[in-house]
Structures are given as structure tokens and as C-alpha cells.
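Please read the structure below before turning to the comments.
In this document, chain identifiers A, B, C, D and E correspond to the written order of the chains, with residue numbering beginning at 1 in each.
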Amino acid sequence: MILQIHDLVAGYGGSVVIHGLSLGVAEGEVVSLLGRNGAGKTTTLRSIMGLTPPRAGSIRFGKNELTGRQPFEIARTGIGYVPDTHRIFPDLTVEENLILAQRIAGTRRGPWTAERIYLLFPVLRPLHRLRGSQLSGGQQKMLAIGRALMQNPSLLLLDEPAEGLAPLVVHRLVEVLREIREAGVTILLADQNLHFCRKVADRAYIIENGLMQFAGTMDVVWKNDDLVRRYLAI
Amino acid sequence: QTACQLNVPTLKLGVQGIASGAHADYGRQINMGATLAIEEINAAGGILGCKLEMRFMDDENKPATGVKNARFLVNEWGAHFLYGTDSSGIAMALGPVLQELKRIQFFTHAATHRLTEELVYDKKIKEIVRVSAPVYQDAIAAWVFKDNPEIKRWATIGADYEYGYATWAIFKDVMKKSRPDAEFVGAAWAPFLTLDFSSQIAAVMATNPDAIIATPWAGEAVTLLRQALLMGVFDKVQAWFQAMGGSVDVLEGISREVQDNRFKGKLWATARYIHNWPNTQINRSFVERFQKRWSRLPNYSAETTYSAIYITKLALEKAKSLDTDSVLAALNGMRIPTPAGLRVYRSEDHQFVYNVPAGRVVWDAKYPIPVLGDLVVIPANEYWRSPPFTAVPVGK
Amino acid sequence: MTYLRHAHIMSGPLTAALVAALIVLPLLAGNYLTYLTIQILILSLFALGFNLLFGYTGLLSFGQAGFYAVGAYICAKILLVQPSLLLGVLGGTVAAAVVAVLLGALSVRHTRIYFSMLTLAFGMMIYSVAWKWRDVTGGDDGLVGIPRAPLKILGIASISLSTIEHYYYFVLVVVLLGVFFMYRLVNSPFGLSLQAIRDGETRAPFVGMSVTTHRLLAFTIAGLYAGLAGALLPPLENTVTPVMAHWTTSADPILATLLGGIYVFSGPIVGGALFIIIKDLIVRVTVHWSIVLGTVVIILVMGFRGGVAGIVAGMVARPRAAPAPAVASK
Amino acid sequence: MRELLRVEKLRKSFHDLAAVDAIDLQLAVGVLVALIGPNGAGKTTLINLLSGALAPDAGRVIFRGEDITRLPSHLRVRRGVTRSYQVMNIFPRLTVHENVLLPVLARQRRLLRFFSPTSAYTAAVEDADHLLAEVGLFEQRGQAAGQLSHGDQRRLELGIAVAVQPVLCLLDEPSAGMNPVERTIVLELVKKLAHDRQTTFVIVEHDMDVVFSLAERIVVMNRGRILADGTPSEIRENRQVRETYLGEEWVG
Amino acid sequence: MDTIGYQGLIGVSLAMSLWLISAGLTIIFGVLGVINFAHGSLFMVGAYMAYTFYGLLGFPFGLSVLLSLAVAAVLGLIMERGFLRHLYHLDHAYQLLLTFGFVLVLDDAVKIIWGGVFKIPPIPRFLDGAWPVFGRPFPVYNTFLIAIGILVGIGLWALFEKTWWGRVVRATASDREMANAIGVNVPWVFSTVFVVGAMLAALGGALGTPIRVAAPGIGAAMIIQAFIITVIGGLGSLKGAFTGSLIVGILSAYGTLFFPIFELFFSFVIMTVVLLVRPQGLFAHVN
């Protein structure tokens, strides 16, 4: 397992949201983290990134223990993060957003370049001189994904990547995620959209109220109506 | 050891002045002057057998703080007399409160004419007594230069508050009497805490004055003078009259320039008090004791506070009571030799009148800092305003 | 990010006990303590008004001292002509509110630091006017000899307030009324609207409220409270000076409120008391009050990040319940 | 079909890009209209123009016969035009209950009351509670809204939007972040509200499952213009729409 | 005409000393979002340190200025690492309060260390004197200030616009959490920016010593002016701070010449007019 989470506890202010969660992701795998609204998916990803620092438990990525580290140190171990709200840099141009991520990660020789991102999301190409704040919602999402890829990460954390994207673009995204995976990148995907997850993920974890409820292959989840009704529907 | 004849365990003197911010040295000088006087008097047995005790507070140059301090000193600590106060604004605020507190304050720095003219003379607030010289002293400039026909065009670089306006107004008033041909060609004003006076200097120099009278004080006076030097002002004007030049800190600040004669002998100043005058036994010994105690020369605010405490001593010894009216009665007609010279009490406005010198700022090897030379001493009665008072025409 | 609610730390009995203590205070304490308490009361009122703008509406004003001074100067002017306390205080308060409406109309479209700087500028302009318009304001020496005029009620009764104790009771009544009205205000629909504007300025119009009107009203009420606080001062000190309008005076309610806690109704009051008491104690010990006060401020900020009252509220940890459900849950 | 809103030649450009390019559109009372289109088509911009968050460069917006092109947002709300945001926008520090109470009080013109506590306005409190129950947030009524999860905040937004009893309600991706099941439930709620309250909803939505099953009319935008406008089945069959937006997956 | 020109030039030199202090303030606000009230105090510390090295210990003036920058850098580092850092998640007002605490401490600290009397070092020989401009003596020192101001301006522009550090700083300024998440060492960026700001403040103070005084309280005199300038220019904008300084410097020089009584109002009036016309200041980003 390249990513190994053990008994993670995390929360905000006075409230605990993740109550001792354990999960693992093997190298080159695409794993989806499922669960209904408020289950704690986003919080789990934030904890891995160190944005919501874990209060207990351990998170190992490769040989590195991530708990207690600053987000930037975690990012530099080779983790790319796409948050659920787009969070691109509004004052920087599209191109600067991309190049900056690459420079900081120090991965100028990796497979991902600004050119490839424009091939992936052609709408971004004519916009490359616009500032981030001038993009539409979906364009910002694309840029956020592009930015994470520019880091040439070995682990990609995606929080609702398909949200707000037009169906054609989602379709394209699915293909891209498969490509990335072929290239050996590990992906942990937090989403609720079973249609989408089914197309990209091998395995799934379902969490509820910050606790693990199910672990298994994506196929099992897709076919098990009972599971879906219990944990994913209302 | 005789018992205290005033029936108090100790005689408590509350003192306040500015002890924080850019003018903190004035409060410190007040503190040093008071401490010295009290140590001396206590060593000699106190006043009527009563030991003196002092408490000093920082008024932060804010009226509200000054008032609060006074209330604390009297109501909480039990002060019998109050001393000090640097700023005019605080003095004016304190006046009416003294009435409520029923305590006399000896003002030893605040210079506004309104303190004595309005609050004492008009409003009859008897608790105010001033030992220091009011703004009147700066009008001495008019006397110093009245016989210089080549100096005709006057301008001011003024402190942008009451003190600056009043000085300029009183100066013009007195000047016009002796020199109807005098012209007042320019004025520029600098608010508190001005760090760069170049625009004021440039603006005033654009009017081609023969002489300048300047009222910023403390560090601002030094800054102003140094910047005026850089701008070549002393090559153009005949004279520069610095209203607060007698103060030790300012003289210290321009030591190097005076030593190098950069002011070309054109810098003049008044002194509310300066250590090198008068040349009397009492002054020499005061300066010596002060220097020994504090390793510094006394400033005027130290001298006035020191003298105020001796004035209290004399008054109490006569009144033999702490009662305000008795003490005021004892002040009536008082003429007391002090380091600054003979001080004469004027009962109409509770002002101690004494002669202050003006002179050229010169280097004298006897002292570590510049002093005033070529002294001009005009009897205070000649140019100080005296009752009955009419309003000062403070136009700008 | 945690979302602190406007909390309450004062229970009914506690409030009653505090009021009772304030009523007997002059009988037990000396003149100076009574005087100091008046100052605390005045600062509390001042800060309470300020916090309506800051804590509730999200507008940090650096210029409240301007209105404080307007209240004081107008009250002083009235008292110098017509020695009637009620007239003076009312006049000062109304004048401050009027000035607040005018300046508010120019400022409330701005937010954040821009609002702060604009109010700073307006406050300092009032300061400059007080400093420069010498015929009316007395210049930097200010207005002096303001009488502590008797309280004349409609010509029926006239109560002398010349002693500190009497004046204390007058101030106490005014301040308690001020606190009461503010309490009702922040819990009213208007108070709720202000908090909504603070949290979601762009969202607010879409629930149907005019952001500018609400802000202007809040600004005016804050100005009115500042004016009232200011108007209580001249009869106490017999003087008003321009520093009252200076930004350093605007800093007082800010410090008090932050020390006490922004998101607690009584924060400004607790902070006001703390601020004055701490400083009074320090000044007794050293002339280096500034370094000690600075250290205390730093420690309080680092240690009590939600303000002192905020911390207490957090400990009491009684998240304010929403109004009782009107319909049963389905 | 009663006309509620008419848009004539509405245009808005950013620099040289026409985000909304001379659009004409009419909306009837009480329908659920879906606004779809590729990313960057100009949907959000159009919503901004209708709600008054942006001022158009040209064109007119006529609501119930009145020209509201230049009317500020809060006055549009008074006339019954409201919206939610693509980027989450609730009042995070207020309780869930207060979030909904506020628009209810606003509708009742009770915001400028200074003295009585909010709880004294029982009619409004009841109304707000009903609404919370409708959007399924009654249990969380005392919680600070900022502490809700993404999805719950979405519901709350919807609650706020309907609380003002709008005639026209503009929702920009109201179900973003919800799972498909919930999404359907929420949008069914929207549809019900549309019919029960005779409210017209315009929703921007990228989930075609939902759009096709619930919308009565679909408007497709592309590059600032209207590409197609019709019933779900018409749109599904539209070749241009498939090429630019849907892809082949949605062919009927 | 000469009078106008001369006074204008005086205004430019005023502007340059304002620029040095507002530049630091605006950078710190732009990136850290902190309104650093203690910026004026760092200015004061710069002045005192320059006095100590140059006036007291007799080091060369240039070296003394550099040394005082180093001291300010250390002090800035302590302020940021030791204190401010722990308050970033709170309301701006708490940072304001903290830095206000620093002002109180530093003002008194210099008084305790150097005494209440202001300090005056001699004027370095190469800055003494004047040369004729518009037929009047224009101080070499003011000329020097103008030159330094322009150099600092060019340097900062290049730093922020032309270097990668500048771009990283801009990204951090707009979304620090996300910058952190893509690998930017945000704490380090914050520290360096704060230190750069502190050094700029100290530079203003140190360069002023030859003709001004070092006194407790001079920081308070500067800080409000600096706030006004940064707001006029648009918070966080260096170009704005530069323009704002020129506007305030030149207009107040002319103000002194033509309307001497209104000295007190000037900068506030200018700021109000600018804000009423352009609510975000002259060069703010439109978000």
C-alpha cells in the first residue's frame, strides 16, 4: 500500500468529524471514497494534505509519515490535490497557475506540460492569458485539475472532480484519468457520483459519519443496491 | 525631630508631566527638579517638621489622562499640592478640576496665556498658580531686534497649535509698537510630530524674509534647525529666533553645529531659564547640585518645578496651614529668590513674574553644550502682558 | 474555521447582582473609584455602540472618536449657554447621530479596510476642525469650565448633580438604558439582518434587504452611542479637547472590544472595564506603563484569542439555542 | 402560457469576449427550466444579469411588464426575483434556522424592527421551520450554517432561495456536490415548489439524468448565444447539442 | 515659476521618504493580510539603530544603514515567527491589536534603552550642503532621498514582477491554503515578506537619521501617513504606494505653500476624495 491511513481522527474547532478511519491505497490503483453528504470525504482528503491536521492516527505515504507535517511538505512528497471548490489563484493568469505548480514541485521534466493540459482541456488554451478570477466555474475546475497534474504527482487526491463539468468534458476526464493511471499514478477520488466512479475506480471505500462502513471492489458497490441505499442514498 | 506642624503624617506632593512619546524628556526634567528639591528639603528637616513625599505620573500629553491623574493623586493617594504639567491643553483641562478637588497646582511648564488670563483672572479659579513663564516671554524677540533697521521682513515657522499662534500674535503686537515699518511676510505651520520641515522652510523662504521666528520645540526644534542649515537658510536671513531655545535638549541637539559656527551667529533664542544665567550664588549652586545628582544640566522645567516646591515651603511656613485660602494669602506679595532670579507673585492672575533672558546661541568652553551669549535682559514688565487683560488677537 | 456565535455570559441573576453592586458602589467606594467607574461606564457604552458596527455588522470603524467628540463638544456648547444637563446630553447625542448619518452615507458603501480608512479620515477631519476652528471650539486648548449642570426635568424638578456621586447615578441610569436598548436591538430582526450582512454581503440583497440602508442605520446608531458616551464626559471633566476626536481615542473602544470579545454581547463592557482597570493599576506602579500595557495586550491576544468574555462564553459553552420549534419535526 | 419574464437583445462582454451575446428569451409562469451548455457558455453570466448582480452592456430585461434592467438586486427580490450562487453562499455564522428566518422576515417587511427579539415573530418562525422541514434540515436548525457539510449547505441555500416566496427563482448549479439520489430528490422538490407555488425556476445543471427527467423546458447556451430551446426530447435529438455538449452517451 | 518648481521638488523628496515606509506596509498587507501597526515602530527602530551604529559607534553611514536593516530583519522575524503566525486564522482586528501591543512595547523599550531625549547623529559629510536648483539651494540630502526612493522602486518592481519568488508570493497572497497545498512553503514566504517589509521600514528610518531625530513616538507620526498612502494607492499595490506617496508628498508641499493653515487636513482630504471616486484606491485589483 503506497498510502496507508491508520485510525485517523480529525475535525474542525470543537467538533470531531473523522473518528478513527483506516484505509489503504495500493500503488497504481484508483480508489474511490464514497459516502453521503457530510460523511467526511473532504475532511479525509484535507487531512491527508495536512490542511485539516489529523488529531490522532497516522498517515503514511510511501516511506513518509505525513502526520504533523505542513501541507507544502506533504505536497512535495508527490501528492497533487484538487479541492472541491476550485481554489485557483485568481490574480495569476491561467498559464501562470499551471507553470507555478510545476516550478514549485520542481518537476519540469515530468510528463505533464502546459501544452498537454491545453490538449486535455482545449477551452483553456484561448484563455491562457486571462486571470483565474475571470474564468467560468467549470473552467476553473479544469484549471484546478490541470494545476494538480502539472505537479506530476505520484498520488492524486481528487475531490468531486467531475462536478460542474459539462458531460462531454466529463467524458474526456474519464479517459484522462485512465491514461494517468496507466502512467502509474495512484488516485484517491472522493465523489458521490457512482456513474463516474464506476468508470474510473477499481475499488471503493464507503464512509459514514467519519467511520468506515464498507471496503470492496467498485463492481460490488455498483451491483449491490442494498449497499447503495444504506450508505449513499437518503 | 519635631512633629509635623501641619497635622499630616507626611506632606504629599503630586507631580505630573509627559513621560512617554517624543516629549518624554520634559516630564523627566520635571521629575528630576521635584525630586532634588524634596530630597534637599527633607534632608533639612522638611517643611514645618513635615517630611515630603512625592508621586510622579505620566500625563501622556493627553488632557483626559492629566485630569485622571490629578483625581487619582488627590482622591486616592491624598496629595496636598500638585505640580508640573507640560502641555497647555492639559493645563486648561486641569484648571476647573482643581476647583473641584480643592487643591492648588503649581504649573511649571504649560505656557498658554489663557491659563492665567482666562481661568484665574476671568473665571477666578484660585487653585491655579503658575511659576513658569507664559508665552509672553517670546515677545522679547521684538525688543532684541527693534534697533536693527535692516531686519524688517519677518516670517514664522510656527507650531500648529495655540502656542505657535499666540507667540506669533503677541510678537507681532509688540513688534508693531516699536517698529511700525515691520512687515510680516510669511507663515508656515507644522503640526505636532512633524519629521520633515523642508516644505515649511521652502514655503517661508519663498517670501524672502529678513528674519524668522520659529516655535516648534524639543526634537522638532532641532530637526527644523538642522534642515534649515541644509537648505542654506542661514546664508540668506539676518536672524533666526528660536522661541524655545533655552531648553537643554535643544541646545544639546545643535551642539555640533554651534561649535562649527554653522549658524553664523544668527541663531537667537529665549530662555525661560538657562543654567548660565543669572550669575548668582543660588543659581550656580543649584546647577552644581543638579548636575551632581543627575549628571545632566537642568532644563527650565526642572528649575521651575524645583522652585515651585521652595515656593510651597515658604508659603506653608508663613500660612502654617494647608488650607487653600491661607496658602494663597501667604503667596500674596511674595518675592522669592530662585535659581532663575527673583520671582514676584502677581496676585491678580497668580503668575510669578521674573525676568527671562534672550541671547545669541554661542559655544562657551565652560559648558558641555551651547549657551546663550550676548544676553539681552528686558524687565518682564516691559513686554509681559499684565492685567486687566484683553483678548490676544490670534489671527493667522 | 470555527463559527463562534454571539454568545451570552450574563445570566439574569448575575446581571441583577452586577446592577445592585453598581448601585451601592458610591456608598462604599471612595471618590476616585466612583470616578473611575464612571469612566468605565462611559467607555462601555462607547464600545457597545462600536461593536454594533464591528462585531455585528462587520465594519471596523477607526473614526468613532469623531462622533464621541461631536457629542462632547455640542453638549459642552449647550451647557455653557444653558445649564441643563438633559438638554446638553440630548443635544450632543442627536448632533452626533446627525453627523453620523451624513458621514455614514458616504462611508457605508465601502467595506473592510477601505471603510476603516474612510472613517479614520472623517474622524481626523472632525479632529482637525476641533483643532482649527478656534472661535467655536477653543482650538487645541479646547472648551473649559463646562458646568456639571443640574438635571432639570420639564421644569418640574431640578436635581443637583454637582457631586461625583450624584453624577455617577445619572450616568449609571443612562448607561443601563443604553445597554438595555442595545440588547434588544441585537436580538431583534434588525440585529439579525446586520449579522447576515456581515457574513454574506453579496448574499444579503438576495434575501430581500438593502445592505446600504441597514449599514447606514447601524452606523448611525453606533454614532449615536458614541455621541451619548461623549456627551456624558464634559460635565464630568469640565473640559473638552480635540484629542477626544483623535484616532488614538478611536482605538480605545477597539481595544476594549477586542479584549472583551467581539462575538459576545457583553464583550465590550467586560473589555471596557478591563482596559481601564488594567491601565489604572499599571500606572500606579510605573511610568513605563506603555511597555507593561503592551505586554499585557500581547499576552491577552496570544492567550485569549476570542477575547476574555469570549473565552468565558466558550467555557460556559451554552451554544445559543434557536427559538423553540414552532412545528414538530416530521 | 402566461409570460413572466422577457429578455430582449441582452448583451454582456468582458473585454472583447461576449459572454452573453444578444440573447432573446421568454419565460412562463410556474415552469422548471433547465439552462445547460458547455463550460464558459455564459450561463452564470446570464443568471447574473437577470438577478441584477451584473449590469448588461445592452438589451432589456422585462419582468411582469416592468423594465427591471437597471434595478438593484434587493429591489428585484422585492418583486420576486431571487437566486442562489454557484459558489456557496449562505450566512455561515448564523444558525440554520436564522438563515431561513431572515428572508421570511424580509418578505414580511419586518427586518427594520429594533426592539422585539426575533423569536417574538412567531408567524415567521413557524414559516421558517416549515421550510426547513421541507428541505430536510429541521434537525440541524440550531447549528451554525457554516458547520454543515457541502451538500447540506446546498439544501440550505435552496431553502433560503424559496423562503422569499419568489415568483422567479434562479438557481446556479443548486445540486452541485450532492449524490445522484439526493440530487433527484432535491430537484423533485424544486419541481414541486414550481407547481405548488407557481414559481418559475431556472436551474443551471450539468447532470443530464436530472435535467432530462425533471425539466419541462431546456435552454442550451453556447458561446453566449442560445443554441437550442425546447422540450427534453427535442434537445436530446438535437445534433448540434450532442456535438457541443452532450456527447453520444445521451442519445435517446 | 521657480518657487513652484522648487516646492514641487521638495514635495518629491517628501514623497520618497513616505514611499519607503508605505512600500513595506503595502507588501505585508498584500501578502499576509496583516495591517501592521508596528510598521512605524520598525521605522523608529531603524532610526535608533542607525543612530547607534553611526552616531554612537562611529561606523560609516552606509554600513550603519545596512546593519540597522539587519536588526530590523531579526526583529521582524521574531514578530512574525513568534507571534503573528499564530493569529493568521483570526479576524484581522486581532493582528491589528497584537501589532498595537508591539507599538506600546517598542516605544517604551527605546525610551528605556536610549533615554527619553531624542538622539541626533551628525550629518554625513557627503550628504551635507546644497546645490542650486531653480536658483535656490536644494539640499544634497533630499536629492539623495529621491535617488534612493527611485532605486528601491525599481528593485521592488523587478523582485515582484520578474522573479519566481515574486510570482510565488503573489499566488500565496491570493490563496495561502491552496498555495500551501501545491507545495509553496507558505510560512517561509510569510516570514520573508514580513522581513522585507520590516527592512523597508527600517531603511526609511535609518536614512532619515542624518536630518531628523530619533525619538520615541516618531513611529506613530509616520504610520498614519503610511496607511493613508497605501489606501490611496490601493492596498497591496506597490505601484499604488509609489503613486500615492507622490500625490501626498507633492500636494502637501504645495499645500504648505498655498494653504498653510490646512496642513493638518491634507492627507485625509486627499484620501477621502480618492476613496469616494475610486473605492478600492487607485491601483487595486478588481476582483
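We take it that a residue touches a chain if its C-beta (ideal position, glycine included) is under 8 Å from a C-beta of that chain, and two chains touch if they have at least 3 such contacts.
Keep in mind it's a predicted model, so treat the numbers as computed, not measured.
Set side by side, the interfaces C-E and B-C show unequal numbers of C-beta pairs in contact, with more at C-E. Summarising the inter-chain layout, the chain whose CA centre lies farthest from the centre of chain C is A.
Separating the centre of chain A from that of chain B, both taken as means of CA atoms, is a distance of 75 Å. Measuring from the averaged C-alpha position of chain A to that of chain E gives a distance of 43 Å. Chain E has its Cα centroid 48 Å from the Cα centroid of chain D.
Each chain gets one centre point, the mean of its Cα atoms, and the points for chain B and chain E are 36 Å apart. Among the residues of chain A, those in touch with two or more other chains are 12. Across the assembly, chain B contributes residues 19-20, 27 that each touch 2 or more other chains. The multi-chain contact residues of chain C, meaning those touching 2 or more other chains, are 1, 3, 131, 290.
Those residues of chain D lying in contact with chain C across their complex are 51-53, 72-74, 77-78, 82-85, 89-98, 101-103, 105-107, 110-119, 121-122, 125-126, 129-130, 133, 138-139, 141-142, 144-147, 160-161, 163-164. Contacts from chain D toward chain A in the complex involve residues 14, 36-41, 43-44, 86-88, 136, 147-152, 154, 173, 176-182, 185, 206, 208, 244-247, 249-250.
Those residues of chain B lying in contact with chain C across their complex are 19-20, 27, 56-58, 62-64, 67-69, 71-72, 75-76, 88-89, 92-93, 95-97, 100, 112, 114, 118-119, 123, 161-162, 165, 394.
Listing the residues of chain C that touch chain D in their complex gives 1, 3-5, 181, 184-185, 187-193, 195-196, 198-200, 202-211, 214, 217, 319-327, 329-330. Within the complex formed with chain E, the chain B residues making contact are 19-25, 27-28, 160, 187-191, 193-196, 198-200, 202-203, 205-206, 218-219, 222-223, 226-227, 230-232, 235, 249, 252-253, 256, 396.
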